[in-house]
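Quick notes on the structure that follows.
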């Protein structure tokens, strides 16, 4: 890793930390937090889907009744994860008017991992890391013009180290 | 939080690392007592005060979460603000300035 | 249990006492170093969850095999052969019936679970936790399990190479019960001799290795 | 992570299966080894250890403890206040304590002597438990090694005490004991083996694996979701060796750290690392 980039990154890091110490508010309703609270209220019905215990139930709670596989939903995840605690997943949509991306994990205790709202000015191209309890399918669903499109792929979770 | 915001090919790549336990509520501690669920439920990102991304999370997001997203347009010097709230009501806000990619 | 006082080196030192002075000095320096290590260990570890400090006392074979290179040196050959003989003599075979697949083989499904499990006898385990064998840590077994180690040889197809006749049953049992019967300084735990696994668990592992229906042999 | 390549690879894979219904089996699976290497490459960026480094940096600078002092005057071996590169030259003998100390021992020393923290309280719980945030010692250790990234490992063997620590460390490394007859060397005494899917570095002698291993601790452990220090790594190996609990900053910990550090001399520090 080039040293220049490291130093620059650290500068950003430190700046971020300073601000964090200044404005972090525990359970406060600071001005900056208001947006989140508003968003919560608007999207409350979706919150319920995170408590679903199966993919089918999560889709029902999200009112996703009809979903078709699409090659324009580009889901990337490793074939094998050395540890299920961190499975990198990225989702990109080539479908016009994509306005939401859902990430679900089959056979997880709570399969719905994330919903990302693709607002104006945001590329439908996100990545995050998820936990997987066992070998299973990662499912990406994209919403565009009120219709749902899917991609999925299997990720094998391995047991590691001394196992104890 | 560690926020890296880099202008690449006409869009801002934002990489956010958050220190958070993201407890599922299904684990037990060393003494065998259940560890209560404790996880981030919502993350919002702004560029110069305009909301560009909202995401809602469940317990399946990894501990110390990473989130990567891309904002169309933007310029070096833009301010990217990220805030999160968790199921306990804790919240936190950090910000970073958009930079040009480091020379290779 | 075969815990013996950590006096192996001291005894060797005394045995050498009649030799040349330089040799005596070297031997006793070794003993002093060993004593210093024993003192340091006692200062550095503490009992937890039923794991007591007596585990740090070495048996003679542990002391011998702690010398780098001892596992293959000609100087230690006689001692290693003696350890191997003693290990063979100490093997307890399954009680009751003479060796036959019906009498000796347990359940390979349970054997697979034992081979997958790496818990037991650690400070992080509740005392009394049934230990696993953690066979996959070091060996390839069922070909469907991709997360296998390579410290030991692959055992995939073991039962095809070692039919479960009397000799195959006995030989495999000895390896599981006390690996030192074949190699005094083997890195494989002595699952039977040290009471890590029960006779029933060892029979289940025997089945995992030898049962024609076991995934190891299919 | 080379995201562009990864996304392109996916696009190719998807294009290849396009005519099939739903999701047919992936094209010829790469070998397990390649797949694991691919996984490690995908998580190599954005090491959560950076969060611990940031926390450690502020802990280093803040006035804290009963004396309300920062660690700005802490002497890690290169002189008071010099952090850059210091971790690459530890463990070493210190005149002020008359002892060989590793990184963690020295951090605790500075927290007690400069800031007035109680040593027993500090070392009673050096490592974060499940669902707990990084401890102060862990975060400061992460900060100090980060400041040595790129430095050449040069653990001294000048004083007789340092040579003696290395020799005892070597004997301890090969010391077999416990119900499983394990020593450190049982797993780390030869090259080219794995436990499950994890390569076992040969730490018994100087060499590339000894250098690469020492160079990357402390590290963020994915399986633990935590920043872990070298002393944690040693203690956790002994747990799995079925030995009793290794005391923090104990002589065995310091001597083994010295043995591992000297065997790594000539390597390049690249910590905090990221490990399974």
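Brief remarks on what is shown
Letters A, B, C and D name the chains as they come in the text, with residue numbers starting at 1 for each one.
FYI, a residue touches a chain if its C-beta (ideal position, glycine included) is under 8 Å from a C-beta of that chain, and two chains touch if they have at least 3 such contacts.
What you see is a predicted model; the values in this text were computed from it and never measured.
Across the two interfaces under comparison, A-C and A-B, the one joined by more C-beta contacts turns out to be A-B. Averaging C-alpha coordinates per chain places the centre of chain A 47 Å away from that of chain C. Distance between chain centres (mean CA atoms), chain A to chain B: 11 Å. Separating the centre of chain B from that of chain D, both taken as means of CA atoms, is a distance of 26 Å. Residue numbers of chain A whose C-beta contacts span two or more other chains: 13, 16-17, 80, 85-86, 88, 90, 127, 129, 156, 158-160, 162-164. Touching of two or more other chains is recorded for residues 118, 122, 124, 136-137, 146-147 of chain C.
In chain D, the positions touching at least two other chains are 32, 50, 54, 195-197, 225, 239-240.
You'll find the chains touch as A-B, A-C, A-D, B-D, C-D.
Residue ranges of chain C in contact with chain D, taken from their complex: 33, 36-37, 40-41, 43-48, 51-53, 55-58, 61-63, 65-68, 118, 121-124, 136-138, 146-151, 187, 189-190, 194-196. Against chain C, the residues of chain A that register as touching in their complex are 80, 156, 158-160, 162-164. The touching residues of chain A, counted against chain B in their complex, run 2, 4-5, 8-9, 12-13, 15-17, 19-20, 23-28, 30, 32-33, 35-37, 39-40, 43, 46-47, 50, 85-88, 90, 105, 108-123, 125-132.
Those residues of chain D that touch chain C in the complex are listed here as 32, 168, 171-172, 174-183, 185-187, 189, 192-197, 200, 204, 238-240, 242-247, 250-253, 255.
Those residues of chain D lying in contact with chain B across their complex are 45-46, 48, 50-51, 54-55, 129-134, 220, 225.
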